[in-house]
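Quick one: this structure, given as structure tokens, is what I'll be asking you about.
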Amino acid sequence: MWNNASPAFRLYVLAFYLFLFTPLLVVALFAFNASLFPAPPWKGFTLEWFTGEGVIFGKPGILKDPAMLRAMFTSLKVALPVTVLAVVLGTANAFLLERKEFPGKSLLAMMMLWPLVIPGVILGISILAFSSRIANGLESWLNMDLDFLRPGLFLVILGQLSFILTISTLIIAARLKKFDRNLEEAAYDLGAGRWRVLTTITLPFLRPAMIGAGLVALLMSFENFNTTLILVGSDAPLPIYLYGQMREGATPAVNAASLLLMLVAGSLAVLVAFANRGEGR
Amino acid sequence: MSAAISSGQGRAAARLGLFLLLLPAILWLGLLVVLPHVEMAILSFSQRIRAGVYGFGFGNYLEFLTEPLYWRTFGRTAIMSILVTLITLVISFPVALYIAKVARGATKPILFLMCLIPFWASELVRTLGWMMLLRETGVASYLMQLAGLTYGPVELLYNDGAVILGLVYGGMLFMIVPLANALESLDDSQVEAGYDLGGSGFTVLRRIIIPHAMPGIVAGSIVVFMLSVGNFVTPVLLGGKNGLWFTEQIYAQFITRFNWPQGAAFGFMLLLLSTLIVWAGLRLTGQGFSETLRRS
Amino acid sequence: MTEPADLALEQVTKVFAGHRAVDGVNFAVRRGEFFSILGPSGCGKTTLMRMIAGFEMPSSGEISIRGQSMLGVPSNRRPVNMVFQNLALFPMMNVGENVAYGLACQGVGRAEREARAVRILERVGLPGYEERQVTQLSGGQRQRVAIARCLVLEPTLLLLDEPLGALDLKLREHMKLELKQLQGAFNTTFIYITHDQSEALVMSDRVAVMNKGCFEQIGSPRELYHHPATNFVAGFVGDANAWDVTPNPSLGPGLGVTLVSGADLRAHGRIGAVGHAYLRPEAIALAARIEELSGLPNRFHGKVSAVLFDGAASNLVIEAEGFAPHIRATLPQAGALAGVEVGARLAFGFSAEAVKVFPA
């Protein structure tokens, strides 16, 4: 009965997908516009906003712009530790949730979901306020500066981790739930010790989920805005830097950077899809 | 794991294992979630007595209630977020129905994946797209002039419509995925039986399809609402000076004015609002919190 | 000095939350024996097996292997290997890696490991399968890999936990023979757990029948079948007519019982005020006329009310006065009564020894 959907219905769905992709296409398209402004009319195709030295428009392309490159590098400096910590601690949490029994477990499991429903701005300000209190207390006690507890990359990493860890925990715990405990018992039975069982049986089974969680963490860290905005110090990661540029009235360089960000995100998404396919085994 | 170990020393090892696994979880939730919120609570109840001296008081909350700009922004954020949620639901429902029930074969996963693609792009990139489309010198204005619909450039940005548009756009994925998942499990024969028993298209939708999709509707609505209320980039960039979003107030108090106690009180108000709406949504439809979150 | 048993259990008990899952079990298994533990699900046999493997510790009692106590010895240091019910082949490894896993745990070098894996796979009939993924194997092949993975370690004992349960009927019949042959070829002591009596009877040298945490009887398949020691064994092992009976001393000499439905039988066994009587269908002799059964102490007339044809296991349902609701006898497939039809009148009879009586 669903097969003969009315033309109006089909047209609606088509319009929806147009609506979905138009903003992204516009961003991508105007990254190649040979104009100082990211706006119509179309003045011809150029790669100047990617690789230009700044001779034509007076502003360099993103791959030649030290400020832009520094922002990208800053993003990476945040994303890598977040990813590693999210996978390692997420795995530990998964074992805690799936393998251990202790009083208050259901409360803890509930608490782990909590960061997902806290707006990012609030996560940011609460961590900022708390770390400042700690810093003030410790500094007057130790009589030394604790700059890492002041807005900066360390706090950005912690702030992003506070909710990304929930997601990595959920992904890895879901995989661990599907694990057949007999496999571990069989390995013990064949003479393996704890460590060998973990490294040869359990972790290889979890690997697709760990890779998937890592990629998702990488992506979320790269794109996070709200929490990062509050906790950031003088070194701005890419989204914060772009936000600044956009408020000032941007050049197509911002489009070029956005396109790059989309491409990176897209390839990460493809990798996630592959990691998920690996889970079937 | 208890299997491979003997009782006495095994129990000690198991306790150590539990402790080692509990440690990161407790540090994470304690230091990054619970204590910061406690600090925020304390901060929100502290008010300036004289320069450099702060004491307990409700001053920050009173300030919120007495200053029209603050509570109006708060109310506006809440109402517009509810509106955004409803619009997102209405726009997404047919698409989810199409993906779940009409699309066949390879089209189905392709349509589904196509929904996901825009959301792998950063929120900032998506907002940039809308800015380029809507602003005075933007694509929409340019095309309207070309078509002769207007004589001069039109500013479509910096109004409530643009903010709602941006927020709806950002929320759609989070609505479509749970909706499509819920509709997927709808048995076609139920719908057929509905028609067979003389129901019109509308009655079938209201009595059979929508009740079946309810878990998805609730899950999607909660997520979209949370994302809207907590959003910062979209109202600031698409709304400009007229954006007036509550997160902006929090940011301003914390970063620009450096009035942390006031910002903390605002933070609590926002947290209260989102908790209340989520709770009410779950209550009204009899859904559980954990399952709903997992589903989305 | 006699050689110690490969496995000996003394008064082994396991209590879970006040429930005695295994209750005072004693037995010993000789070297090279195929020993089965047969019981309905929930009888405690899996718990017993897990204690032998070292996944559970007994609440009390002693488990020893070749005279060495196993209490406090973890599963990875016991000379015992186990074939799991779902086989538990490692999906992240190929067949060769699965088989060599235990050797790697023992620190055997790579070259020797691979050589031994190749050899054992040949012996279980899977030559050249080292590189295959376990997901590519058929049910029977997976079974053999699971066994090879254990046997390559040359364990004193091999435990098998209902390994045939997941296979279809035809393959199961085939694997019964194959398991028996493998056990003969390797001469390893097998301890086999099952709820399927045919698996236990066909393959085993001895069978222990387990019920509610206790062993009811240990014996050869023939002993269990022909001389059940308890009411439970008589009812659980093999097919039988079962009736509630009361003693009837007037039928003496020997034991006489009266069925609740009225028939008087000369029987064998013990009884209190009430009891249960069991009579195997194949112990019933059939004849056209009752005179032909004159050698038998129990003789009756009856009428065939149904023929339940099932090849060699075919039964006749006979209505006879005093036997409610009916009595089942094996369908004769040769001789005068081979073509017997529904409605036919006939006589049936059986010896007193064929009627096993136990106190209720």
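All chains are identified by letter, namely A, B and C, in their written order; residue positions are counted from 1 within each chain.
Convention: contacts are C-beta pairs under 8 Å (C-beta built on N, C-alpha and C of every residue); 3 or more make two chains touch, one makes a residue touch a chain.
Just so it is clear, the structure is predicted and the values come from calculations on it, not from any experiment.
Graph distance from chain A to chain C, where chains that touch are one step apart, equals 1. In this assembly, the chain whose C-alpha centre lies farthest from chain B is C. Look at where the CA atoms of chain B average out and do the same for chain C: the two points lie 61 Å apart.
The distance from the centre of chain A to the centre of chain B, with each centre set as the mean of the Cα atoms, comes to 17 Å. Residue numbers of chain B whose C-beta contacts span two or more other chains: 3-4.
Multi-chain contact residues of chain C (touching two or more other chains) are listed as 54-55, 74-76.
Residues of chain A in contact with two or more other chains: 185, 188, 193. Contact residues of chain A toward chain B in the complex are 1-3, 5, 9, 12-13, 16-17, 19-27, 30, 37-41, 89, 92-93, 95-96, 99-100, 102, 108-123, 125-131, 133, 158-159, 161-162, 165, 170, 184-185, 188, 193-194, 197, 219, 222-223, 225-226, 229-230, 239, 242-243, 246-247, 250, 254-255, 258, 261-262, 265-266, 268-269. Considering their complex, residues 180, 182-183, 185-193, 196, 200-201, 204-205, 281 of chain A touch chain C.
Residues 53-55, 74-77, 80-82, 84-86, 88, 90-92, 101-102, 105-106, 135, 149-150, 153 of chain C are the ones touching chain A in the complex.
On the chain B side of its complex with chain A, the touching residues are 1, 3-4, 17-18, 20-22, 24-25, 28-29, 31-40, 43, 91, 94-95, 98, 101-102, 104, 111, 114-118, 120-133, 135, 137-139, 142-143, 169, 172, 188, 191-192, 195, 226, 229-233, 237, 247, 250-251, 254-255, 260, 263-264, 267, 270-271, 274-275, 278, 289-290, 293-294.
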